[in-house]
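The same subunit A turns up in both complexes below, where it pairs with subunit B and then with subunit C.
Right, the complex of A and B next:
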């Protein structure tokens, strides 16, 4: 695949060019981590559809363009412009990133309780890189994929959240990632969220665009949970219709920790989100819910890799998809139960609603089990709206379009319920309504 | 161009004639695989030129391929040049009497309640000409001929019914299909051919077991079943008793063709030598099975009980081409000791109103590893397609493994597709319930496992189902506790 080699070379040069300007280059551990990642990236190159994990997802749309990393934004938005993007009314802190760079002027960090460190990863790496050494790169092993390696090679800015032992945040931390032109922009945000033993927090990640410039986001979030820590992690990808987006979330869980995530993907031309969860100590549990909406020309891809390495952990994954127009959705959910991870309870569900003739769903749940005393299951469905349900609503005087919209909303709400941030749920519901109204909600094939 | 081709062909043929003379004397080809071997096999079978050409094309394609590695199985690399690709049945030395047969094998026969004469046949002991099943088979043949059903060895069909073989052979599983299918096409030595004419309901269950000279069908078996419009046929392959077999590598190909309103039911019980406790020896069973529901309302149903072989690697599939076609797959796969199974199915929905059902039950005991791998594809034109998939795995022992890898591709909104998979061990409460009623642990497990597999067993022809149940209990003996 010569066409694939060329972008690798392009990125290699880019890494070489920006390397001197990256923060923390005097910290040996970080420099060697970046070097390893670069080496791995160059050796591995970009995946092709021959790679099992990329079987249904072509990278053509991502690699066809040259993306300028961390480009200076053409305009500096004012605080008022940003307000529309805020989701959590009761956020205790906000960090705003434009084209991958943290803008302190737009961020608000006042009033954080003691025991909470929150700010830009860039400045943390410049001021006290050794502080981050025990965590950065721990959950996201660079060997995992090309995009993880690329992100690691380019570690520059992102959010840095550290919550001390036993500290509980009163409200969500909101992280807003915006992209804007001119030109084709690339952002490689790198986030590190560390919750020490018994800490509790809610983190909202929101990816959006200020204009309809084509951009490429390759975000990576590492989450490390200490014993008994609890994190609610809500993520919304709502970028412009020309955006390409890939995000990797790596979670490492300690004893009795709880990770609850809601991941929603509505925007972008091409988007892929991956969750890699490792329950490394007993009694840990995770719940990941997700919703994806794909309309005309959109491709959305979700990959889950849930690893039960030790006994007595629980995981629940539930993803729902709504397909409109010529939308395409890919779902790949893997649960892996290692040898001796007895008493594992793992369940995964994926339901897809196809509302158009030309949509396509490729779903692939997987169970890999090497222990016997387990309860594991997965279920997948693909279908359209039930005619009986439509009839029920219509017989009560509700118009066909409204009835369909109501049913779609109900379908999505099951997933959104898992999120405790009201503003987040409300935003997704609004976006869903808009998408359903815009993309003609097609009826049953019989009509 | 064509003249040149002709010249080359002649040259090759001459070369082969020389090889042929030496080979026929030994009746067993020396290990190794090249064009000469393919030619020799074809010559021994007295095949026409078109057949040889097809084999050679397959061989050339095979030579360019590498062995696939994606299956969830592990084995030492196979040396394809160390295998002998043809041995005439008579050339195989068998034990002279049952006394020479492995007592363990005999013990299993006794448990399965197999009559003495049949035990001899299965163990490869030379049997008398008056042996019952031979005469039974002759009676069967007469009855089938009256109905117009052709049921014979595929090499015989190549000679006697070339027009049918030419039309259908390779039309479902092309020689380019996959590595093992190419290998099979190049070197297959024998197999079964069934042709059921229009509107005929085959008067009996067909079984390889009753086909004369079928005892040694060889390691590269090729089966072709054609069901003409409105016909019905049920075919049984294998048997519950462990077969004595020296071949380590088996790469069979099965092709089914169902025309309008035809119905084919294909049942397999596979119980080949699984190797010893350490996983030494044992059969590698790499099979390509595919049914083509070509006609409207055609129906193909696969039922398999897989308990043997060190490695089982097969995916009996259905291409649902005709409108209203139905595909079914019912499977029980048991792995114990060091056995590995990677099995499942593909259901390709092309026609309108096509339906498919998949029920897969995997049981892993000891160090056994079991994987379900399946594909359900609903193409844009498959209006109102329906699929239901249920994959359950049962784990017995903390070193066993069970995997599920379903692929689901839907491109039509009117499709209704459901996939469900579960993995668990036998519930302690279930065991306790049975044991508190006086059942031994082994009996309790056997009962629960049989219940777990019931959905599949009920699809087997009746006598077979009873045998399969017994087989399952025997297979799991010693796996518990």
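Right, the complex of A and C next:
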């Protein structure tokens, strides 16, 4: 008997219960998409540790709890409470979600140029579902995992971003996802970002907690890039220590499009980020940089699935991890170069800095290459702070803890400087310093 | 200022300093010369507090404190500075941040307030100009991708900025072309003062053409086997180290 059957059944009932209230239920394409996803989800169930991609992650703790989707927040935060979560200093628009629900009162959407549509997916599906039909579900259907299917079955709210042909946004669009109690909370945000040919934009996703409520976030972002479109996609998962978080990003790239991502994972008890990129037209390129920080009781999990299906595309993936205390990390990065994808240029790197003897990382880079004229490489490192570097800093009067902090920040810099969003890097550096200060004793034990 | 008495040090139970004695007074410049493997660099590193060396005997007093009892950073804060033969690269750590944190740590130890950003920038630009260092190198990661000469200039910049009481230069002259050597020498000469002492660890006499030492010592087999004035350096240049080692053994 499948131990995961019971949670699946519970979620199936949940889906049945909320289905009538979901937006766009008069749009046939959407209801059938949801139905297919439900069916897929029920058939497949939740993954177990027997699944290779879930070898190091036990879901039992996530699944034993009943997570209520879109629970009403106990306290409605004020605009002033939200300001502390702003990342991008020069954001042109902000959308705020609480427990998965867009709150227009806390969002600012005024002054967007012509050719930009931005707002709640829920409203868009209620008002003009046909507008979204060409895109919603297009990128995500490429890999239907249980959580992807669950998110699709429950498509309700999230961000809807559409940038018309040739339109360039002057500053970042910031999407803020907050959770708050009372009780346990689940959110399944569904974001759809469409850049038509030649469009350029920066989108920031920020996941955080208003309190220490145990929450489960299952977010899914679909990105569709037209020919020559350029998207910078910065993401920060900075939820409370009681949070469970899984996010799936699906990217579909057109000819000569460029996708640049920086993904940072700091918070959460368990946090998993997956990037699924499909370069479907020639000359597309993607760069994905990531940083994860895990300390006591934390498990952070990164999965990359980079698909080169056509010739002459370029991909660069570089993830760095900083492990403290009893922190654990999993990095599973895969680049797949299909038989037609000649002249592919792909590089994958994962470097881990272990600040404690008790930390653990499982790293697994994979290149699956079916074309013969390609340039591909991968490399991973797991190491500690270099004694020579520590000595050098200390010999200049810098204290041992400060020296460690500077070297850790230096380790993260390469990833963070890939992000052009003003305010993003500073926030992550602050978080990292706080974590290092809290784990200073652990740092010492790492010597 | 610095008194080294019968210092004995080993690495992995292998003795490398065997009863080293040295007295350095304020304002003095001492050159320590010696063949490869004589223990010159080890001596410099032991003074700075580098891990991996076991002091098995003797003592080192720095301004009436037991130097060997202090941590690496405490030694630096008391005014000891070691310019490395191979300056370490710190990828991702901005040179400016490094220099500012160092200077402010040292200033705090002296009871001086931290410099604000604008004042610091002015000071560091001035000092960089003195050592002919391109301002571009201030913005880069510490020593990362610097040429050999640029790394040495960066060491001299730190020396100029931190204004130590005792500066030890560990083969700072090695591998330098004549222009870089002049920068190092000028850096030392400008900073020479009645309150500041230097120990120049060097294999060759070349640096001493530009920085005139008050004393020259020859280190061999982990001990100082001969001391003299600058004429000793010239004699070493002419005759090599063999005769001294021979004399010491005799």
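As a working rule, the second predicted complex is superposed on the first by the 436 of 447 C-alpha atoms of A that agree within 3 Å, B and C clash if a C-alpha of one lies under 4 Å from a C-alpha of the other, contacts with A are read in each partner's own complex, and residues count from 1 in each chain.
Just so it is clear, contacts are C-beta pairs under 8 Å (C-beta built on N, C-alpha and C of every residue); 3 or more make two chains touch, one makes a residue touch a chain.
All values derive from a computational prediction rather than experimental measurement.
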| item | value |
| --- | --- |
| Side-by-side fit of subunit B and subunit C on subunit A, or clash | fit |
| Partner contacting more residues of subunit A (subunit B vs subunit C) | B |
| Touched partner set for A:399, first subunit B, second subunit C, both or neither | second |
| Which superposed partner A:360 touches (first subunit B, second subunit C, both, neither) | first |
| Touched partner set for A:413, first subunit B, second subunit C, both or neither | second |
| Which superposed partner A:84 touches (first subunit B, second subunit C, both, neither) | neither |
| Which of subunit B and subunit C A:114 touches, first, second, both or neither | neither |
| Angular separation of subunit B and subunit C about subunit A, which is computed from CA centres of the superposed model and rounded to the nearest 10 ° | 80 |
| Overlay on shared chain A, then closest C-alpha pair between subunit B and subunit C (Å) | 16 |
| In the complex with subunit B, residue positions of subunit A that touch it | 52, 56, 339-340, 342, 352, 354-384, 442, 444-446 |
| Subunit A contact footprint on subunit B (complex, rising order) | 70, 378, 380, 383-384, 393, 395-425 |
| Residues of subunit C that touch subunit A when the two form their complex | 48-51, 71-73, 75-77, 81-82, 84, 87-88, 90-93, 97-98, 101-102, 105-106, 109, 141, 158, 162 |
| Footprint of subunit C on subunit A - complex, ascending | 386-389, 391-400, 402-403, 406-407, 409-414 |
